[in-house]
Amino acid sequence: MTTSASMSRRSVLAGAATSGSLLMAGSGAEAQPAKPAELKIGITTFLSGPASVFGVPAKQTAEMLAEQINAAGGIGGVPVRLSFVDENPGTEHLVGEFRRLVQSEGVHVVFASISSGSCLACTPLSDEMRKTTILWDCGTQRIFEEGRHPFAFRTQGYGTSEVLAPLLYLLKHKPDFRSIAVINQDYAWGRDSWELWRAGMDAMKPGVRVVAELFPRFNSTDFSTEITRLLALRPDVILSTSWGGELVTLVRQANERRLLERSLMVLPVAEASLPPLGRSMPAGHIIGTRGDHWVNHPRPRDKAALDRFVNGYQQRFNQPAIYPCHHMFQAFSALQAAYTKAIAAKSGGWPNDQELAAAFQGLTFDTPTSRITIREDGQGMEDQIVGLSSFGTLPYAVPEKMMLYPATNVSAPVGQKSVDWLKTLRAGLENTAGEAI
Amino acid sequence: MSDVLLSAQGLRLAFGGVKAADGIDLDVRRGEFLAIIGPNGAGKTTFINMTTGYLRPQAGIITYEGQAITGMAPRRIVARGIARSFQLPQLFTEHTVLENVALAIAAREGPWSPLAPLLRPRWREEAVDLLERFGLTSIAGARADALNEGARKLADIAMAVALKPRLLLMDEPTSGVAANEKMEVVETLARVLRAAQVTAVFVEHDMDVVERFADRVAVWSQGRIAALGPPAEVLSDPQVQRDVIGIERHAAA
Amino acid sequence: MRRTETLLAIGGAALLVLLAILAPWLRFVLTIALAKGVAVLGILLLLRAGQVSFGHALYLSFGAYTVAFLAPAMPEALILMPVAMLLSGLLGLVIGLFVSRYRDIFFSMLNLAISMVFYSLLEKLYHYTKGTDGIRVGVPRFLGMALERDQFEWAMFGTALVLALAIGCFVRLYLASPMGQALSAIKTRETRLEFMGLPARAVLLSAYVLSALMGGLAGSIIAMTTRHVTPLLGYWTVSGELVFIAILGGAGAALGPFLGAVTFELVRVYAAASFADAWQAILGLVLLGVILFFSRGLWGMVESLWRRRA
Amino acid sequence: MYGWFEENGLLLGLALLDGLAYAALVFMVAVGLNLVFGVLRVLNVAHGSLYAIGAYAAASLGLFAASSGLPAWASLPVLLVAAALVGGILGPLIERLLLRRIYAQEPVLQLLVTFALFMILEDAQKLIWGTQPVQNDAAMRLLGNFDVPFGADFIPFTAYQLFVLPGVAVATLVGLAWFLRRTLTGRVIVAVTTDREAATAMGIDASRIYLLTFTFGAILAALGGALSSPTASLVPGLGAQTIVLSFAVVATAGLGQIEGAALTALMIGLSRSIAVYFLPEAEVLTPYLIMVAVLLVRPQGLFGVAETRRV
């Protein structure tokens, strides 16, 4: 398998020298390309820094999937080849790398970004370079609500549905809660998710007292002061959309100090942190996974495929496949479906950039657990499953009493801004939006 | 115009328990060379430091040209025409000797265009000329940290002279200068200063130098002036001989 | 050496243009490198005085955010740049009045502290700055013309190159002037300056304000080139990067920062392309090698090569 | 029911307890940096990496100890052992192989050598421990909770946070003070800190003192990390956060001043936790604001001695 690791310095230099012609290919989307020798995919993900907790498993997944795809003859008969870019050094580096991927590496498609900031920086580039870009993990609702991006497609859900689903679950599970505190990471997602939650909560259950809004520094390793304050305030519910190492630290410190006996926690991004938490995650709290891809999904679309993927990953990397792995799977699945569709539309011809992007419009593709359709604005419609933490056969928590929220019920309609839409919701939605599974 | 250029009255300064200045009264006359002698720790350098604004006296007044300069910033005092040289030469070690002097000229001339070079023709000429008068032409291009002690001392004084002061305070100008060169160095110095009509106060340990070049001598002892007068008179005073010169000779041996 | 430097500067500029023609994606990297080179020139001024600012990412990000905030109202590159530069210089004056009293570690750390305060504000004032998501910068007009993306990128590259040459020339003259020479005098014997009647603080302050102007200008170029600004541009590691580039390139000449910046960006791009997992370690190794074996930086290497040939 | 004032008074008491624990962690990592800076005059950016490696090593060693059947109480001394190992091995290596070569050079070069080292060690950590959170909270669980009364209510604190962290910090402070004042080596270190030239002129073997101090500083950094490991889960990027904060402490404290470091850490710890209670948005700014405020009043830092410029 060829990945970026095998790319030599010389080949980069050669790329630099010849990419004058590649630029032509990039800007002339109407040109009729011949079938390439390899299908080049550029992937931006976190390879260093705290978010590499997500980025590295996703990279491993991509490598595993590329291997499987190539072993099965590639996509449309063309083997795939991956190049990875680290998101951690910041936007200015990343947008340079995006250009390099397109103009020098000549990638056919870019999988962009875990971080919302990275996605916001990359999507305009996809417009300008007319290069199909799959937003494979970032969640910000701003992308498709603040502008049109005809070459960008998100192959998973987004902040609105990922926050609304746990909120609806809470309203149904504990309808009588009267006070809430929030403790989110102090960065865009932490702030955005609280704004979304608050808009929805105030609309569907007005009068809930917000007793504390805590935004500890991003990458904090000590929450003892915040926990003390929450212990003293005794809110009915504590919301935290934190993730990664920080969520692990927060829950461990909170659990040790029995905060979770006093308050019900709602953790929309819990799933990836559950394996490292193990038994430190108490049972009975609300957990989400940014989608429906729980390992114990009671009725996945294709049980065999789910097991194959999850077990294959576990065996190969000796780690559970956490949600970024699933999101990467979805990106590959969407790509395969789009190429199949585009090639069919062209009666076997290889699609150019424009045709590939066109194939993504309204595309429906399979995931092990369900089926995702890409809406006309580019947003993927991924169902959400939320449940209560519980312990079964695995050494870490998984959900029970699960509720499945179909994506269309928990996403803002096309053309509406999420916050505005959330404000229009009314009590009772918690009884109609989801179904117990 | 008054005959007195600089006047110190009742200067007091103590560091902890040590009285470095314990009531100093001194008038420096226009045009004279005044030598300050006395044992180490008597407060000679402290006097220079107070006069040039490095230290602020706890009591007393310093006037220059009839105006109080007590406690002013060194920069302000220099602007009025008082320059000093240092016991340990204070050179800009990353610059050549020529540049050191040129910087002093620049300091005197400022403000200047930020885009014309330091070694602009007029300043370069003046610096070259000054170094020649100090007999430093041969080392003008040498970096200041590559000089021997004597040359550093002279360069240090040359920088002070380049400021065109009317009063120059020198802290041990001949220490570190080889014995056989000493007289020649002082000779040069005296010639330059007389030509520029500079009043000079200098701390000195070599009684031969004092005898030959000073118009008056002030003897420092424990933060006070023990004696003041022409060299012939003061240096022959038995008590000064015993208390100061004896110690000096002893120390020198 | 003077003439050599001029020749090298012209040759280097020609080489960059050639590279930008041959490899369009490099044009972006090189524009950023030139902008950073301009910011590093400011660092170099302060280094002359022996002072290391560990907070100049402040001016970079300030310039960048100025552009991000003003661009919608004033979408003209040639106005945005000087405005960002001047505002940044003004900020530099205010902060400089404070920090120019301090030396060495205190100078470094105060700059660090102030830049971290600004960085935190960029993150905290979410409703104005969009926090870590950052602000998108649209393509501004250039000389009143609405350019295509490709043309605009050329325009930015050209502007950066011209500015780099002009500011490089200015810094060279400045360093040779009494102001510049007094800077290195601050490093070796600051007290003497005072006893010569030269206010060391004012000398340092002017250099500091100049460095803020350059930082702001560089930030504005970066903002219009990457067209998306995030608080990360103001994080302390970016400040460290600027000092890193200064030393990598060599603090001896005005060409050093550009040599350093271009090398830095290229090494980073190639390291990232070849070893996406370990690019940081590779940069570290390069820096370590330069410091241990060529402490005068890349410019020092060029100089000694030149001498050997002459 | 309590009035506003009484309730906030109680909260202030809680903030004090939290601030103390946080101050202890800040002190542990900053004091080593300050000591090293005082003696070697090298601002060691890699100090943050040593902190992170100390934390990782402590967690790994603890897991290893537990799996090889050591009793639970061993999880506490394991922290010390891990710190000693990390500092004792990496410290001398860094000093001998890198810093030693550049003492004669300009300070900025020394700083950058440690910056380069920091970058290399960041990736090295990732290579060794991967990117998934690493954790071992045995030491925190060992001692259980301690309930602090809060009006009619009570607030559980971990005994580790309430007693171990401040305890170790105080022991370190007292031990260091004793070492620096009462032992010959300690006095030599102080002498070098106060006046390097004079000390070397007196024939002090600076090379040995440098090695010793740096190793010592490295062990303290690693210990800081090791102490934080039972409560935190460790992820890449730990070092970068830590080092900026320590820088602020060093400049605020005054160079080489361990009491200054303690007082600064206390100020930062308390103001941070008070901020979390009453003005959460200001929390991240507190260390820097404290530093700027202190340096405005005392340009040499809290306990710093004005360097006399000899003329």
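Per-chain numbering from 1; labels A, B, C and D assigned in written order.
Quick note on the criterion: a contact is a pair of C-beta atoms (placed from the backbone, for glycine too) under 8 Å apart; a residue touches a chain by one contact, two chains touch by 3 or more.
In UniProt terms the chains read B = ABC transporter ATP-binding protein; C, D = Branched-chain amino acid ABC transporter permease.
Just so you know, these numbers come straight off a predicted model, no measurement behind them.
The set of chains in contact with chain B as well as chain D comprises C. The greatest centre-to-centre gap from chain C, using C-alpha centroids, is found for B. Taking B-C and A-C together, the chain pair joined by more C-beta contacts is A-C.
Legend note: the chain whose CA centroid lies nearest the centroid of all displayed protein CA atoms is C. If you average the CA atoms of chain B and of chain C, the two centres end up 44 Å from each other.
Distance from the chain A centre to the chain C centre is 36 Å, each centre being the mean of its Cα atoms. Centre-to-centre separation between chain C and chain D, using Cα means, comes to 32 Å.
A straight line joining the Cα centres of chain A and chain B is 76 Å long. The set of chain B residues touching two or more other chains comprises 54, 86, 90.
Residues of chain C in contact with at least two other chains: 123-124, 191, 195, 277, 280.
Residue positions 122-123, 126, 281, 284, 311 of chain D each touch two or more of the other chains. On the chain A side of its complex with chain D, the touching residues are 48-50, 52-53, 55-57, 186, 212-217, 219, 221-222, 224-226, 228-229, 231-232, 234, 244-246, 248-249, 252-253, 256-258, 273, 276, 280, 319. In the complex of the two chains, the chain D residues touching chain A come out as 10-11, 14-15, 17-19, 21-22, 25, 122-123, 126, 130-133, 135, 137, 140-141, 145, 150, 153, 155-158, 161, 228, 231-238, 241, 272-273, 276-277, 280-281, 283-284. If you check the complex, the residues on chain C that touch chain B are 170, 173-174, 176-182, 184-185, 187-189, 191-199, 206. Within the complex formed with chain C, the chain B residues making contact are 52, 54, 73-75, 78-79, 83-84, 86, 90-95, 99, 102-104, 106-108, 110, 112-119, 159, 163. Residues 19, 21-26, 28-29, 32, 123-124, 126, 130-134, 136, 149-150, 222, 226-230, 232-233, 235, 238, 265, 268-270, 272-277, 279-280 of chain C are the ones touching chain A in the complex.
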